[in-house]
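Dropping a structure here in structure tokens format, bear with me for questions.
Going in written order, the chains are labelled A, B, C and D, and every chain counts its residues from 1.
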Amino acid sequence: MFKNRRKIQIEWGDCDPAGIVFYPQYFKWFDACAAALFAAAGFPRPDLVETQSIVIPIVDTRCRFLIPSRFDDELTVETAIARFGRSSFDVHHRILKGADLAVECWETRIWTRIDPTGPERLKSQPIPDAVIRALSQGGQ
Amino acid sequence: MFKNRRKIQIEWGDCDPAGIVFYPQYFKWFDACAAALFAAAGFPRPDLVETQSIVIPIVDTRCRFLIPSRFDDELTVETAIARFGRSSFDVHHRILKGADLAVECWETRIWTRIDPTGPERLKSQPIPDAVIRALSQGGQ
Amino acid sequence: MFKNRRKIQIEWGDCDPAGIVFYPQYFKWFDACAAALFAAAGFPRPDLVETQSIVIPIVDTRCRFLIPSRFDDELTVETAIARFGRSSFDVHHRILKGADLAVECWETRIWTRIDPTGPERLKSQPIPDAVIRALSQGGQ
Amino acid sequence: MFKNRRKIQIEWGDCDPAGIVFYPQYFKWFDACAAALFAAAGFPRPDLVETQSIVIPIVDTRCRFLIPSRFDDELTVETAIARFGRSSFDVHHRILKGADLAVECWETRIWTRIDPTGPERLKSQPIPDAVIRALSQGGQ
């Protein structure tokens, strides 16, 4: 699978009074890393949203926190697709602290069109073949 | 002037490794308190946005931090309009910790219509008289 | 099991460009609701941290997002302990939008002492019987 | 004056339902940029906090928002010290969008020691000469 990597530097404001990353912050990074994965494969989020009204809301996530991180730590996030369904797909994130796995997360997201006139305003769509192809091939 | 009050309870995640509120968090509360002021005067933000495409972006803010707060502290925010111009207005927030002034903030915001076809997508508008009247009268 | 309820009002700044809650925000509420559960049972977080150096870091979480929420929505979070182990415990959060389940989350947390001299600075501890008793009894 | 530059890429989750950066987010970046300035001059925040118990809380800030930014915009923040007092100092941040000034911010911060036994737990200190020298010389 196509994989993308991102560096994260932990800032003071990412941490709580115990001096470690306040865990909701990890999900902000995961969301940005999911977008970065699509961008690296040729599908930047702004294009998806603005030209096709496509967003990728999350419906399920599981996350294991193995090693706490402190401010000024530098982490690496590795992100790849773990599974493609018809309109749903799974994203897998691994946060590495040096060589050690610090946090691991799985997400299920839906390929969704913003539909301003619909009752729910969001409507799932089949994932385009071009997206599946680009993100299924080895690379990076 | 019409004044609105809100209680804030400081959560663990609002605080930084020094154990005090991480200051960008105060601006989140101020934004919510500005919206709450309009709602209390009869102009809830969802109505403004959804039926009139009106938003109130900030163009200038000044904030003094007098007393730090810690988690589980309970604060009160007092919010009122300090000035109405044609399309701009000033909001004044005072955060009280017991009887003491802990944080004080002034903001200038603009009465703005979202204009999807315009070059900037946002266009300033005269503030409606009904809004000025409702927020200028004494109350609460 | 002892259950605690909290109201949440969705603010403008909790939402993303699709107009729905940006999902990391839910975890901020869950963290505050976990603390509120302990506080309601007689164990406020500030006492735990300041007098006993006890924190309750998360090690695992799973969350299902069933119904998106928009700003000005009012939600109710119901929080209870789902399991007590020796030093780990599971927290269960259900976010209700009216009568409908909107978001559901399970967390595993560890009863942990801050140990400034230790290599990891955090050390798991047996959960006190008084805590287990208070949070296992029906109530509220 | 010594100046430091940082790139910021706007993420989806930094933006609000109007599609522009939710302004409290700018203050998170300013705080990280103030720390980055000190780090670039040889005084990384972790060293200040952990070996000397020094933090630099903000006491006053003013910010002008000139041009809104949208997700996927790339901004540059230029940060420098504008004034050194005995224990207070002013930081000046300019956010550039291409060649245009998008946001401008001034902060007053205090060189402060964490004092766990004191009534306020925080105590202002004279700024060390070495810090003033390093941050006053031209560079970068």
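Going forward, a residue touches a chain if its C-beta (ideal position, glycine included) is under 8 Å from a C-beta of that chain, and two chains touch if they have at least 3 such contacts.
Bear in mind that the values here come from a model prediction, so they are computed numbers and not experimental data.
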Between the pairs B-C and B-D, the one where more C-beta pairs touch: B-D
Same-interface partner of A-D, chosen from the options A-C, B-C or A-B, over half of the pairs matching: B-C
Euclidean distance of C-alpha centroids - chain C vs chain D, Å: 32
Centroid distance [mean C-alpha coordinates] between chain C and chain B, Å: 28
Chain centre separation (chain B, chain D; CA means) in Å: 23
Residue list for chain A, restricted to those that touch at least two other chains: 12-13, 17-19, 22, 24, 28, 31, 71
Interfacial residue positions of chain D with respect to chain C in the complex: 12-13, 15-19, 22, 24, 71
Complex interface listing, chain C residues touching chain B: 11-13, 28, 31-32, 35, 44-46, 70-72
Residue ranges of chain C touching chain A (in the complex, touch as defined): 17-20, 22-25, 27-28, 31, 49, 55, 57-66, 68, 114, 120-122
